[in-house]
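The following blocks contain the structures, represented as structure tokens.
Next come two complexes, and both contain chain A; in the first it sits with chain B, in the second with chain C.
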Partner chain A sequence: MRLSPRTSDRITRIAGFVTVTLAAAFLLAPVLLTAVLSFSNDPYFGVPPDTWGFRQYETLFTDQIWRDALMLSLKIALPVGLLSAVIAVPAVFAIHRSRLPGRNVLHVGGLAGIIIPISAFAVAMYGVLADFGLLGTYAGLVLANTVLALPLMLVVTSAALSRIPVELELAAMVTGASRARAWFGITLRLLAPAMIGGFVLAVVTSFDEAVFINFIGGPGLTTLPKAILDSARLGVDPVIMAVATLLMVATSILMILALKFARSTDE
Partner chain B sequence: MFVLYPLVKLGIDSFSTGDGLSNYAAVFESAAGRKALITTVIGSVIVAVLAVGIGGICSWYIRSTKSTFARIVLWLAVLTPFWMGTVTKNYAIVLLIAENGALNQLLDVVGLSGLDLLYTPTAVLLGMVYTMVPYAAVSIYGALLTIDDSLLSAARSMGASRARIIRTIVLPLAMPGIVASTALVFAISLGFYVTPVLLGGAQTPFMATFIQDRILTFFDYGVASAASVVLLVIAIVILGLVVALVGRERLVRAIA
Partner chain C sequence: MTVSDEQIPAASVPTGEGRAGTNGRGAALELRGVSKHFGSTVALAEANLSVRPGEFLTLLGPSGSGKTTMLRLIVGFEAPTSGQILLRGSDISHMSPAERDIGMVFQQYALFPHMTVADNIAYGLKIRRWPAAERKHKVEEMLELIRLPGFGDRYPRQLSGGQQQRVALGRALAYDPALILMDEPLGALDRTLRLQMEEEIRRLHRKLNATVIYVTHDQQEALALSDRIAIMRDGRIVALGTPEELYYRPGNSFVASFFANANLLPVDGHERRSADTAWVHCAGQELEVPAVGGGGEPAVLSVRRRSLRLGPADGLRLDGTVEETLLFGDEREVAMSVDGIGRVVAVLDARDSGEVRVGEPITLYAPAADTLLVPEI
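Our next item is the complex of A and B:
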């Protein structure tokens, strides 16, 4: 049987619509569910909850374990952001502005961090940190997270730098600015929004990191993701829903900010 | 250098701890290792196909719909898993599919019997697809943007049906991007750790949990590194194939 174009169009459209609606529902359901359930007042998990209220949030803010985990995550994420900025900026200049041999290797190596299987990478980090006696230490965690966050920083700053014409810098130098002044005053200044965007991305990545911590963390080093994972592994603790909701809100705000900064170089 | 040095060292260690190939033999000869490897590879293929399928359809809709509302809702849906934390999104899926979770309550209301999804391979795949859809959607969207609108309206004015336009114009033109994105999703999926741990439980063997057991329970760094190298090699071979097929630029663009 051959369908008329119009009938076939209608079928395609309806099938497409149904698929997309289901996909959107699948993608949005877990978030909405978590957010709604975080206002359950029950001491146990149940759908729908018997009572509603802020009990989970109260527990969260009064419990020392969660507060410690949050502090440790912040204490790791912020240095990681700074460190990856300090490494990434010279690196993108080497990639874009020099004829250094091996700059392609640098580029590919930077991106590799995103695509290689993370647990294989974690074992590699384990090996390296074990050699330096940094397993289960704060310094080791900062180092490992930097390796993970660096590619994001590289991608963002490198995209921005490729859009800044090198002529601007040259023009400044021709008109009498010193090399350093031209660089700081023009190029670095134009790059700053992307650097802030990359910094936020790096901080968020490190804050969210949950794989490395299991391999190279140790006793006493419980970051927020690890605390959630440990708790979730034991069973469904309703407090996690409150943590998750707050984290989602915070990450969304930060990510939107990061994208805004990263994009503002476009214009 | 920061990234490559650990990987090179990993490769060397996998041979030098123990004698030569014994670590690799231990991975392939143990039933647990073999099973984990097979589950992981097959699982990653399924995840790549599903994530690219869902992400692809969604991004085509975003590209072609005229309704701003639909576009915003879809962007939101596609990016949500990306913005949720790694652990929290898997946890959210636990809430959804747990024995007394939302899905079963819903099925109960409409009179269907509940599903026992949690701690099965299906649950792990569900969680992985959920995580990977944004990656697929964003990278395919990039490929779709490069398709010229005038081609589509030309085809339409000559009477081609939607299905035909998609089949003969959109798909062939987007194919390199789709291939790159599939490879990308596959490579990332190989290493999933949190999802198997939270949604798979003890019975579902995945490489990540296998590797972690070797290291942290048996303190057998040699076998763990060999298993990691196996994963890496699979990922590199697939990515290399794709680079040969569609070029390095495509892959780099799919990532960024």
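Our next item is the complex of A and C:
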């Protein structure tokens, strides 16, 4: 049987639509299920729940373990965001605006955190932190997460800086601006949206980190992802549905914001 | 090397007024033996140049000729390896760009994308701490001047290329700098817009009487805009003069071919008759032609494309075969090959040359007075 080009065109289009819909459903169904189950009022796990309500969320915000875990995750993620900005911004200037020898090595080296497989990286990190006596410490966790978050900051700010012409800074200087004024008022100002975007990405990365913590965490250092993991291991506590839902909502909002900021540099 | 009278023969030797600049008084900008080396590469070799107040001077040359280096030295993006740059008599060679009181227009506009048109124009005024009311007034005045009244609240991205370049002009002119530099400002615009902007720049220059140094590689642009043109090659100024001088009496073979698009015909011998005439032996003929240069050096005969014509005339006669014809409306470009000389290009009246056919023989004449013996460089 021969199909007219028009018919075969339509068939391909429908096939494409079905595939994409199935893929999206496959990816999103667990997410939706988790969100729905988080509103179970049962003290135990069951599908479908017998009663509905906000019991899990109440437990989450009143239980000391969960609150501590949330606070620790935040206490790690925010410094990680700041640290990656402090490291990445001067680095991208060195990469794009200087004649520093080996600046490409610097660029690739900075991206190592997302190139090297994370479990291998965690083993290496374990060794390094052990050498410096930072294993199972707060500082060690911040440093390790920074290595992981830095590449995102680098990618976002580097792309943005490469789109800011050097001439803008020169134009400001001829027009009478001091080097500092041209730099802060023009170049850094134009880089700011990307820096905010990169910061959010770095914070989210650190906040979500669930692999490193098992290698280099320690007693008293339970982050939110670790608490979820622990809870799931001990038996299914329905509270983790609420935790997971909150995490997903918060991360989605932050990611959308980050992309929005990163993109606004283009305009 | 110094750009001495020897290298800038006849036409390009600055006249009295130009020389007045060399003592620092009377010149808006002066370069004294300025050179710039990058490692072992000489980007600019001992340039001497004096720009008069209110003058429109163009640096013209192919890429890599040193014109951009000269501009970057004047504005302060680079420091000279040796020599002095004087602006209104004071040495600015090692000042930061901000201290020099210069305005600059870039090829890619370089407007600040996060600022409105008004804020872009007011940028220099703000740095100079003008009071807000005066700033606002000046911005309005500049918007009128660049013919964009009412555009103050727009952002650069909302403007066309030509409009953006006008805003860039406004930003550079607003604080009334001692010198305006333009680095190929029309390079990013299309042809029609380029012609409009040329007119705009000419009008602004006439109106404000600003001193302008303009960099371009486009010979037409230089012809249309400049009071004087400095032609550059390999890091040196090889000629300096008015467009007319350089076009009709180029000082050397490079200027003749690069600036006037002239044919350079080899000569079999030449001998000086007087300070500005010579006997030449060219294409099997002997004739007396105007000459520039010292007379001792190797020379070629420069024949502009429009000097050649079909009708019999006294002077140089060239017999050849037509290789190619191209119609440009009123004119026809004819390329022919001449034995012992090579390719010669002529621009003829289109209607007179209707019979010219590719592959057929052709004879063209150039009046001796329209040719010029130039030193070969």
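Structure notes:
One rule holds in what follows: the second predicted complex is superposed on the first by the 251 of 267 C-alpha atoms of A that agree within 3 Å, B and C clash if a C-alpha of one lies under 4 Å from a C-alpha of the other, contacts with A are read in each partner's own complex, and residues count from 1 in each chain.
Throughout what follows, contacts are C-beta pairs under 8 Å (C-beta built on N, C-alpha and C of every residue); 3 or more make two chains touch, one makes a residue touch a chain.
On a predicted model such as this, the values are computed, not experimentally measured, just so you know.
With both structures placed on the common chain, the touch criterion links A:Thr175 to chain C but leaves chain B unconnected. Contacts of A:Trp183 after superposition: neither chain B nor chain C is touched.
In the overlay built on the shared chain, the residue A:Tyr138 is in contact with neither chain B nor chain C. Contacts of A:Met241 after superposition: chain B is touched, whereas chain C is not reached. Legend: residue contacts after superposition of the two complexes on their common chain; A:Val20 is shown touching chain B, with no touch to chain C.
By the touch criterion defined above, A:Ile87 reaches chain B but does not reach chain C.
In the superposed model, A:Ala124 makes contact with chain B only, not with chain C. Of the two partner chains, chain B is the only one that A:Ser252 touches; chain C does not reach it. More chain A residues lie in contact with B than with the other chain of the pair chain B and chain C. Against chain A, in their complex, chain B makes its touches with residues 1-7, 9-10, 13, 54, 57-58, 61, 73-74, 76-78, 80-96, 98, 100-102, 105, 130, 133, 159-163, 166, 184, 187-188, 190-194, 197-198, 207-208, 211-212, 215-216, 221, 224-225, 227-229, 231-232, 235-236, 239, 252, 255-256. Those residues of chain A lying in contact with chain C across their complex are 165, 167-168, 170-179, 181, 186, 189-190, 267.
Considering their complex, residues 5, 8-9, 11-13, 16, 19-20, 23-24, 26-31, 33-34, 37, 45-48, 87, 105-106, 109-128, 130-131, 146-147, 150-151, 155, 159, 208-211, 214-215, 225, 228-229, 232-233, 236, 240-241, 243-244, 247-248, 251-252, 255 of chain A touch chain B. Contact residues on chain C toward chain A in their complex (touch as defined above): 75-77, 96-98, 100, 102-104, 106, 108, 110-114, 123-124, 127-128, 157, 171-172, 175, 181.
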